[in-house]
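Look at the two complexes coming up: chain A is in both, with chain B in one and chain C in the other.
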Partner chain A sequence: MPREVAIYGVLLPTLLPILIGVAACYWLLDTALGRFGFYQRVWHPPLFRLSLFICLFVGAAWVLQQ
Partner chain B sequence: MNLRNILRILLTLAIFALAILLAFRLWHHYEYSPWTRDGRVRADVINLAPDVSGLVTEVAVHDNQRVHRGDLLFTIDPLRFQHAVAEAEAAVAVRKAALDQKRSEASRRARLDGVVVSSEAREASGFEASAAEAQARQAQAQLEVARLNLERASIHAPVDGYVTNLNTFVGDYAAAGRAALALIDADSFYVYGYFEETKLPMLRLGQVVDIRLLGGGALLHGHIESLSRGVTDRDNATGQELLSNVNPVFNWVRLAQRVPVRVQIDSIPDDLMLSAGMTCTVIVRPQKPVKTAAEAAKNR
Partner chain C sequence: MPDSNAIAASSPAKPVSVIAEALRDWRALEWPKWIFVLRTFLAVCAALWIAFRLGFTSPSTAMTTVFIVSLPQAGQVLAKSFYRTIGTLAGAAIAILLIGNVVQDRNLFIVLLAAWLGICTTGAAYFRGFQAYAFVLSGYTASIIALPALAQPQAVFDIALFRVSEVMLGIFCAGVFADLLLPNRVTDQLIKAVREGYASFIDYLQQARDGRLELAAFEESNLAFITRAIEFEGLRESGYFENPEIRVRSARLRLYNAEFMNVGTAFYGFYAMLGRRRRAGDEAIVAAFRALSDPLLMALQPGGRPPANAAEARRVLSDLREFRSQLPQRLRATHVEVDTATRAAGKAFPEIRFDTVARQFDRFLEALTRVTEAYAALDQLGAKLPHRVAPFSPHTETLGAVMMGLRAFLTVLLVAGFWIVSAWPAGASATIIAGVICALFAAAPKPAVAARNLLYGFIIAMPAAGFLLFAVLPHLEGFALLCAAFAPFAMASVYAMATPSIAGIGLGFNLLFANLVGINNVMDYDPIGFFNNGIAQILGVIAGLLMLTAVMPAAPREFALRMRAQLRRNAELACRARLIGLRARFESRTRDSLVQLVSRADRSRGEHLPQLAHALAVLDLGDAIIHLRRAARDAGARFPAPMLNALLHNILALLHRPSPIKRAAALAAVEAAIALQPDIYQLPSVVIDDVASDRPIHAIDDPLWRMATDLMRIRGILNDEPWFAEMVRTLDMDRAQIAEEPAPEDTSDAA
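And now, the complex of A and B:
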């Protein structure tokens, strides 16, 4: 996958669309986890959520960029 | 603290540690691996200038036309050069006649004895014949120059290439030495990747690179051919009174200079229309360290 995408002639890093896509997925996942009460089982919910988002984003970027 | 609590803490810490590790890897991949978004497709541009001046009477090509080596590009009015050739031919004939005359004089005087012609006159006529011969050769050389000028009145393509930005038309006056037409050498396309100086130590001569053009996803392959040994020092322009004009820059934030790295394109697909000036991304493939560019240059 190229490292950048051209949107209307503007060269953007591919990371940007990936970020947007992952953010949408994360929002769904986050809502679901919150609904099922998963965050009550972890030690520090804000830290866990942040880490989860970073893992998802970097994982997606890593897989798609190879 | 029971086991359940420890597991809760461990789960959070584990995913936190994973996030830090992954983020660091991605950052490293983006910021420190040798690649640049600032790549340009380039080609040798030949500024074709006529060798003789004159009116353009024929333009045999049209804009952006593909031409082959030796093809006629445009013609300068040959009449003046044809007349010059005729004049030079006449001059040669005159000199030849003079040479014949001097030669026959010299040989006749050489045959006569000393009573009829003095030895000085005999000697002089020999030298006159030699001078006439030299003048005949001179006229011959001038004829060759006139023929060359006539030949140079038609401008041919020196290489296979593309006519670009054609701005010469019938009736224009083409001056000798002033470029009238740009020709892009079709076999000379290469890529300049402008790499930050911080990434230069990671580059090796001969390393394989991927070239991705901004327009369309065509992926080309190439290898590092060389790197530029100089860029302009932008912080030190010559100011007034020949003093250097050093830019006062911040001590903290320093921008890395960009150094052009020349990449040779290994193969260009036939259906790909490359154009000099296109933007591309240059990604150097990771490779086991063999020889840095600096070492290779040192050994050379």
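And now, the complex of A and C:
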């Protein structure tokens, strides 16, 4: 994976578009989990949510790197 | 106050229990503050460390961000972070646009930047809560990126990128620590607010029933309910970011809040009407409806207490619906009592007045049912919303917000003009800060006080930063020692931020302190730059403060006049606008007006109470007019349009400038309309007669009867001496203030 991508001639870190995409997916997933009461079964919801986000972000970056 | 009671109860106490008491107090008041201090400090250290590792150009921006978004509750931090991100991105985009297009023409550039700050200030003044903050930030970020880039336009993109990255880093650290380290959750407070709001309303009804509600207490309670609704909206906004379970209930919480405000005004209408009947000597009617409120309060408090959660609210809801459907039967019982009581007193029985009060009571019951429905729907995510209302959006009035925007525009132009003319090296900092002051405190109830607190913080920060920078830091080596050196300053100021009376001073200290120390990988010890920058920023605050106090200060008189104009427009809406959907529109405008009135009010001087009473009185009349117009529409030719128009015209004239003559004219128009169908007013009570067909009151669709009760209601309001006194009192207040400061306009009325 290149470190930077050019968008309209502007160099941006490649992680930035990945971050934005993952954040959108995470938001949907998070809302769905909240809607169906999943977080009531979790020991520490904020920790779970943070970990979920990190897993998604790192996972997406790792997969796209391949 | 439970705390003081607890202390008073144990006053002749053993030493041990005194210590235990003190410890408990400390645990309740100080412990959360120290947790907050620790959490914020750790977040600052984490942000600094990461910024150093990533080699950011100014780690102090990340540090400042942590200070700024650090609020006591996790949800507040996340909400403020979200809006800070939006504001930063928008500001960065504008800065790049400005530099990219008009960098050649410095004057045009300054004017455009000032205009952008003005627009942002208008937005910041118009919206409330964290949305306002996004506007402040986008104005601030644009100037903080664009002004330094004016000298080196090709670097603008790098400056913007670093600024955004540093802000995001600060947000990330603050958010993680706030949400994970001994968090203080908005969610808990929000759940408590739902329950307590409903319970306190029932308690208020109970007080009204017991006759314990004096007029002043009645006004105070109205104020308290509106304040509660505004705070509730803030909690909902923060909870939205803190907890997905709140997020999926957001629409429901909004509905609940809007209905909560509506039930307050509906009860006002009913209670004011009962007061008028009492003053008119219809004690029998008052007693009859008071007797009805006992079974109602029983239904609202099953087992002697108000519902504690949505499931219990559902039970109350079914009781409430049953009560409402049985209202005619219940009224029949009380009707007999009223009848005998009035006939025993040798008076004619006021059938139509009885119906008028009954209809108003039924409307209050409707509002009560709706708020209970909204409460009960909170834990039923699968079901559809029980009904819809216009969203409750607290904001300031438009004209005031635009004027604040103009003031910010002017401030930036003046300071920047001085900077350019005097070739002041640190003028850019002063310009930025002066603009920020105007935007940040635009919507504050007391902008000058807030700005002054910030100024004190700045003044204390300068020597402190100088001491740290030139006496301490040169002797230190390594990140741990750096954090240790920061600790006393950061902790003291964050502690101040957590103490409401000096929160502004703490924030001001942090802003300038982080900026002046300008911590970096390679430190730059530049005493001349330090003094130039520090003095420029303090002068910038002073310039902003002067503009806040000198140009269009937050004058209660102008505000009162604008509010009156707005109330008049609301009444005009009720009189003139198309009837379709008018009641919902009128309700939402009503909420807006009340919220604006309450949120801008200067509580300490008690001026808001007559204004609030005036607003409620005008809105009560407006509600009556909408009902009358609907009835008149259904009555068709039996209520001629010219007569209705004359009536509305006279009422509007009265609201425009209350005077005894206009009041007499309006009353004459009402009497003329009443004289049109004299028989109706002699008929036996429709509500009572209708029991046979088992129709609930709101389903009685005889337009002439509806018209008659509405006319009676309007006549009652217009005849009401306290109501009229309220109208004239606010007018007199305005007149007195106009007389104090000689103004060109003369409001002396011909009457």
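Here is the rule we go by: the second predicted complex is superposed on the first by the 65 of 66 C-alpha atoms of A that agree within 3 Å, B and C clash if a C-alpha of one lies under 4 Å from a C-alpha of the other, contacts with A are read in each partner's own complex, and residues count from 1 in each chain.
Here, contacts are C-beta pairs under 8 Å (C-beta built on N, C-alpha and C of every residue); 3 or more make two chains touch, one makes a residue touch a chain.
Here the structure is a predicted model, which is why all the values come from computation and not from measurement.
In the superposition on chain A, contact is made by A:2 with chain B only, not with chain C. When the shared chain is aligned, chain B and chain C each come close enough to touch A:50.
Looking at the superposition, the partner that touches the larger set of chain A residues, chain B or chain C, turns out to be B. Overlap of the chain B and chain C interfaces on chain A comprises residues 47, 50. Chain A contributes residues 10, 30-31, 33-35, 37, 39-40, 45-47, 49-50 to its touches with chain C in the complex.
Taken together, the chain A residues at the contact with chain B in this complex read 2-4, 6, 11, 15, 41-44, 47-48, 50-52, 54-55, 58-59, 61-62, 65.
Of all residues in chain B, only 5, 8-9, 11-13, 15-16, 18-19, 22-23, 25-26, 29-30, 35, 37, 212, 214-215, 217, 279, 281, 283 touch chain A in the complex they form. If you check the complex, the residues on chain C that touch chain A are 74, 157, 176, 179-180, 183, 243-245, 247-248, 381.
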